[in-house]
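Each chain gets a letter, A, B, C, D and E, in the order it is written, and its residues are counted from 1.
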Amino acid sequence: MPEKGPKPEDLLRVEHNKLPEKDWLEPDVDFKAKHGNYCYPSKPKMLEYLGMPNPRQWRPADDDWKLPPDWQEIIYKGMQERLDRFRSFKLFMDICVRCGACADKCHFFIGSGDPKNMPVMRAELLRSVYRRQHTTAGKVLGKFAGARDLTEDVLKEWFYYFYQCTECRRCSVFCPYGIDTAEITMMGRELLNLVGVNINWVMEPVANCYRTGNHLGIQPHTFKDNIEFAADDLADITGVKVEVPINKKGAEILFVTPSADYFGSPHYYTFLGYMALFHEIGLDYTMSAFASEGGNFGLFTSHEMMKRLNAKIYAEAKRLGVKWILGGECGHMWRVLHQYMDTMNGPADFLEEPVSPLTGTRFENATSTKMVHISEFTADLLREGKIKLDPSRNDHFRVTYHDSCNPARAMGLFEEPRYLLRSSCNNFFEMPESTIRERTFCCGSGSGLGTDENLEARLRGGMPRANAVQYVHEKHGVNLLTCMCAIDKATLPPLMEYWVPGVEVAGVHELVGNALVMKGEGERTTDLRGTPLLTKEEVTANV
Amino acid sequence: MRRLSRRQFLSIGGLVVVGASASQVMSALARDEKAPVATATIRYAMVIDPAKCAQDPTCRDCIDACHKIHNVPLFAPNAQGEETDKAHEIKWIWKATFEEAFDEQEGDNYATGGMKEQPMMLLCNHCDNPPCVRVCPTQATWKRASDGIVMMDFHRCIGCRFCMSGCPYGSRSFNFRDPRPFVQEINTSFPTRTKGVVEKCNFCEERLAQGQPPACVEACRQKALVFGNLEDPNSEAHKILAERLALRRKEHLGTRPQAYYITS
Amino acid sequence: MAKMLYPFLIVVALALVGYAGGSLPALQVVFGIIIPYIAMAAFVAGFAYRMLGWVRSPVPFRITTTAGQQRSLPWIKANNLEAPANKLGVLGRMALEVLLFRSLFRNTSAGLRGKRLLFGEEKLLWAGGLLFHYSFLVIILRHTRFFLDPVPFFVPWLQAVDGFFQVGVPAMYITTATILVALLFLFARRVVMPQIRYISLPADYFPLFLILGIGTTGVLMRHFFRVDIEAVKELALSLVVLQPRIPANVGPLFFAHLALVSSLLVYFPLSKLMHMGGIFLSPTRNLTNDNRRRRHVNPWNYPVPTHSYAEWQEEFKEKLEMAGIPLDEDLDHKPEMAAARGGHA
Amino acid sequence: MIDHLLHGGPRYWAWLAFLCVVIAIGFGCYYYQLDYGLGVTGMSRDVSWGFYIAQFTFLVGVAASGVMVVLPYYLHHYKMFGKITIMGEFLAVAAVTMCVLFVVVDLGQPSRVLNVLLYPTLNSVMFYDIIVLSGYLLINIVVGWTMLTAESNELPPPAWVKPLIYISIPWAISIHTVTAFLYSGLPGRDYWLTAIMAPRFLASAFASGPALLILIALILRRVTSFDPGLPALRKIGTIVTYAMIVNIFFVLMEFFTGFYSQAPGHMASLQYLFFGLDGYGRLVPFMWLAAVLGIGAVIALLFQRVKQDERLFALALGAIFVATWIDKGLGLIVGGFTPNPLGDITEYAPTLPELGVTLGVYGIGFLVLTVLYKITVGVREAQLSPETAQQAATAEQASPEQLVAEAAH
Amino acid sequence: MYDGKYIVPGLLIFLAVFFIPTAYTYATGGPSQPPKPALPANETQCVESKDWMRDNHMQLLVQWREDVVRNNDRTYTSFTYNKQYKKSLTNTCLKCHDNKQDFCDSCHTYAGVSPNCWDCHNVPKEVSS
């Protein structure tokens, strides 16, 4: 963590009830003063590679953003187009009553106190322009009707606040009309993209993904190296040497996981867990060096880009001739797979309805998309007694679980991971009820905001989550925060280091991998991340 | 003598003050604010001569007159036209035995002369210090300052029946059900009651307003009932009480009933 | 301040205009017949127009917000109301939303106390909202005694229940008190709570004042400055049966009431009050969470350029060979467009 | 916190459904009573208050449970009662709610009930009773809820509740006193016209309320993971024992005054209740049952062995509860009206509709209690020691066995 | 239009609701004429003017009962006609308006009002019939 920058107690000094006297209709973002709260613009070559408009060098703190001359028309046209395409957008522009129920639900508002981070305000940024363009009252009454012209300052406000929303959908749970700020932000970002206003932390992964198949731009040989390296690691720990098939035609199952799993830490340990598990049950599967990414930053760009990036999964499944697809732990990846993939790139009629080759369980909930979540798959194995877990191997952990936003609020995946965790470890503790399950708090860095230049915003936005972890850390001595999302795994460690030192971050399948009793394994002395296990004496002492 | 410390002095003084004011408060609470003291010029009372009443043991004239004029219902009458639903009976004026009327005089037949054999006409005593008025939480019953009648406001009554518990004479009746179907013959110029309210004798205040005597008094052939203003020395009631010994029911309760039973 | 003051003045002005119009016999036809008819037509047409406007846009993706366990493995207890897997669940979820404001019931308040982020109960908005809407509903139903002839069976029943507490003559209705209390509460929280004050627009104050004005004029007519109720019904009924006429003796206060009601009807489809219809259309609530079980079709699913395996293999051929990853020999090397299947592009 | 209401096992929902059925039956009976009048009850012009007012009187006593745990905890810092004070306060809330409802269902013209507020009458004890009861209700809701919120947040309660808690203690005394005044201020009702009416109320209240609280706590220990601790319950049991002894003593005082003075009025009601009068004696077996249960339980509770054995302990407390219920919920009211001012006897027995309404009110009371306790237990379960928390959580949610069982259904 | 199969019927129902009053009124025999309460044959003037009485009779009656029952004040002086009347529903009002059905009820039924006066107070004509 950076030595400079605000200390935790400084960041905790947030005023939620002292609001500016200035009317919100006056756009007001001072990028120079807000350094640390916004991301840097996309490099032109990323946009060029993807064929996106207005690639150029610019900086948010500049006065001139080098917008195309007809930028307003472009946005108006884009807005009209989206109003015609998305009922959600049109409806959400119209029916908000500004009851304020969403106000203190947003982690960015809680962490920053910036009133325009209230979900209702984030939407009003768009609504004010919508009213001016599309409602009689807004046309006639102007500001009095809460309408305003689309000026460059308004656009700058859009940029600032639509890249300060992680599309976590927590507010939509509380909204009496189900208004989903993620939809608003998605539209806002689509409009910004039309005039070339976007951030590099989203566009570069998109470009990478488009080219190499994964965000990190890992090329096929490195991909294979890494996996083999992981297999060696696993052999060192468990004494069992596993094989990971790559691009194997005719395999039964295609396994797709976020690229960070085989490249980043602590994702990597989760990946070891998968490998151990697949080996132990003798799964006939393959990974793909082409569809080597489940994550889809297209979701943070536009519906079109989402579809472009997602297409490769079905294409690859078809090419390899697998029966169905298994997906690893990831958050927004699953939002796309669960809610968009089949609609965008389906029907997947070349695949078979997923059936677990070991238990014969038919995954009824995935019969159309033909893609199963790893926690559903493993929970079934465990339930049917196909794997054996020794939870005491995780006794050095006191574990809590962070419901990652998208599996929670876009899938309803709550119990499967908990079932796995409770079976894999002996010390499991829930965080306070207002911060878990459907009310879970975002890591503060989702939707492509997990970079360093906006660290202050991330730390502020992640505060509610960290605060809940701190609570169980202090109360129950929790030292491990588990989750099921690659962005979480990447961004929670620095968050923990800042707010709750002493808490590590892990995936659910890392704990499964630790606890998994494998045929022919030697006695384990360390867990998958190399930490020594508790000795028998220590275990007894703990009890 | 030991000198009191200032603090002791204050606390003693405080106790005295508290004590004194408490007794004031209590008696203020216990008194109906509108109760007339000696200033009223009218104080209606009923003087009853049981001996006259005893002349015709079957006579029900006063009861019938009263109940007819006030639309008092008769639930489930038997062949003789008497109430059989005793539990829900409504009565403004009724006949009782001496033991019932004067239960504290039980066993003593000497002081009361022949009264023990005589029927006692019971009705609301229109007490000077009525407990029913004291307990009513809505002022649905109150003592009329101008003439001492204990009034009922059927529109105001919530039917809590606290007054029935408070009345030591059993003079109050409650409408356990809609009385209207059981009114034998409706007197249209007087309302019936609705279910759920308490009622009782009102000294025929509606007739007094017209200058008429109470219906029971008018109906009594024996002139056993005398109604009058006790504040008026010339009234017949006043004169009788000046001459003859009269009993009042449960005088020890301090209610000061205004129904007087002349001893024989 | 201006945000509150102007809407207030507008409502007062509307009431005064109505009152003045009602006081002048020549204008009674305008305020008693023409404007109410226009308002009614504007309401009905406007409401339908807005609904159809929303319906013209498709729901391209099934974006259910799940607030409970999905239906997955049979031994995991699914929550069919919070993450509905079928139409029945959706029906239940929508019923809870529309009738009981389920989502709002979840409301909590968050705040920092020292170093801890605490969550408090915040059910007042839910209670106030529910109280307001149900009071309004009962009041509207009660008012059918003016529009229906003969008065239908439920009206006396409703009046008896609503006027159960016999306070005043004619008896004050419970809903009269509750709607005024609820409206004042909803107004007060916009004034008192800094966050809500910040987000409130004139368009938020105006309907509150308007409905308060309608309620106030109603209370005045019933309890303080009586109007001839028979004439009111005659007028209302004549409008209903499309034989409008202005009876004599309708007090001007009624015209003030009517003017405000007409304003509300006209304003309704133009404003956020359309949440009444909109709530039924909310895609995060009215869709099943069975995305992987049943394919959802996007009608405008147009083809997009993609990076095909063939292009990819071409680019990384050497590296693939080097790494020993099997190459696919049987490929068509043209760039691809991701299909737009299942819908008309 | 309120969200705990929406999460519960099948037993919880079955219990709620059962209460709803009971309440619905109560509503049906009440509708009948509204339509017909109070004639559907067993009350008469002689016994003009019956079961409803008796339950009201009894439940004012139950509401005392709060103060008997609040007082030692807050005034004497008796930490052992820490876990049960909120339970006591919430039991008081439910009890007072029922009190109010029992008064309302007893009214002949409930639609005019607001007259009490429209025409406040300072000379009526009922006016003061309404003030002290609604005040006590409010205090207990505010204090209980604030304490629970603080507990849920694991913070010390805000400073402003302290004075409110102190006020609540004399206030609890006041509800019994004023309720006793309803009766003891009436001339001509000799059974009630006694200066020890208020002390008697207090004594029986401090026996019956805490007894019920212990019984509920014992049940909660079994059906939830919440445990206030048996030592604390036994300690409250001691309070119950002594209060019951004082209560019995007061009743014996009445016997002495009546029978030694030979004042007919003072004897008659006791005679009717315990020995029968003029051939009427419907309540005699009940009163003797109460006497036997009360005295027997007190003796039993003096033995440590009984208090140590959870079942005997519960049995003894149940006996005390039933004894005080008969004494106050049956004997006190009916006895006061019998014989009537004319010396005649009309016997009283509740009718079926009357019992239905009574059950309905109890149903509402238990619903309030269930709601408040469910929230409390939910908050507590979330904060138990790690091991039990995990057990509780596993039991509550996705334990494999339970999931299987539910799937099998 | 999308989801028309839900929206169109929904909207039609919504529209239909607005025409229920019209349909209902015609279906039940068309709009009834505003009531013409039967006026007393032998009296041309009420205690106050007709218009005032129409709007305020309930308050007047409440005031009367308050005066009579609680204050023993039984005489009413009309501010319109400066005449004196006995304050009594049964004995003053119903003396002239002796037909409750044709007088009171005609308007009350029309306007959907059901006062509870008649729970206790008698209508001479009805009682005798």
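Operating definition for what follows: a residue touches a chain if its C-beta (ideal position, glycine included) is under 8 Å from a C-beta of that chain, and two chains touch if they have at least 3 such contacts.
These numbers were taken from a predicted model, which means no experiment stands behind them.
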>> Can you identify which chains form the pair with the largest number of contacting C-beta pairs?
In response: A-C
> Farthest from chain A in C-alpha centre terms, which chain would that be?
Replying inline: B
> Which chain has the mean of its C-alpha atoms lying nearest to the mean of all protein C-alpha atoms shown?
Replying inline: C
> Using mean CA coordinates as chain centres, what's the chain B-chain E distance in Å?
Replying inline: 39
> So, what's the distance in Å between the C-alpha centres of chain D and chain B?
Replying inline: 37
> Taking each chain's centre as the mean of its CA atoms, how far is chain A from chain D in angstrom?
Replying inline: 54
> Residues of chain B touching 2+ other chains?
Replying inline: 194
>> Counting only residues that touch at least two other chains, what does the list for chain E look like?
In response: 2, 116
> Using the touch rule from the top of the page, what residues of chain A touch 2 or more other chains?
Replying inline: 87, 383, 415, 419, 432
> Of all residues in chain E, which touch chain B in the complex?
Replying inline: 65, 69-70, 72, 74, 90-91, 116, 119-124, 127-128
> Which residues, counting only chain C, touch chain A once they are in their complex?
Replying inline: 6, 50, 53-79, 82-83, 85, 97, 101, 103-104, 106-112, 115-117, 119, 125, 129, 189, 193-204, 270-272, 274-275, 278-279, 281-285, 289-298, 300-301, 304-309, 312-313, 315-316, 319-320, 322-326, 328, 336, 338-339, 341-342
>> Residue numbers of chain E touching chain C in their complex, please.
In response: 1-4, 7, 10-11, 14-15, 18, 21-22, 24-26, 28, 30-32, 34-35, 51, 54-56, 58-59, 61-62, 107, 109-116
> Which part of chain C faces chain E closely enough to touch in the complex?
Replying inline: 40, 44, 47-48, 51-52, 55-59, 144-152, 155-156, 159-160, 166, 169-170, 226-231, 233-234, 237-238, 240-243, 247, 249, 251, 277, 280-281, 299
>> Give the list of chain B residues in touch with chain D in this complex.
In response: 29-33, 86-90, 96, 99-101, 103-104, 106, 122, 131, 133-140, 156-162, 164-170, 172-178, 194-198, 250, 253-255
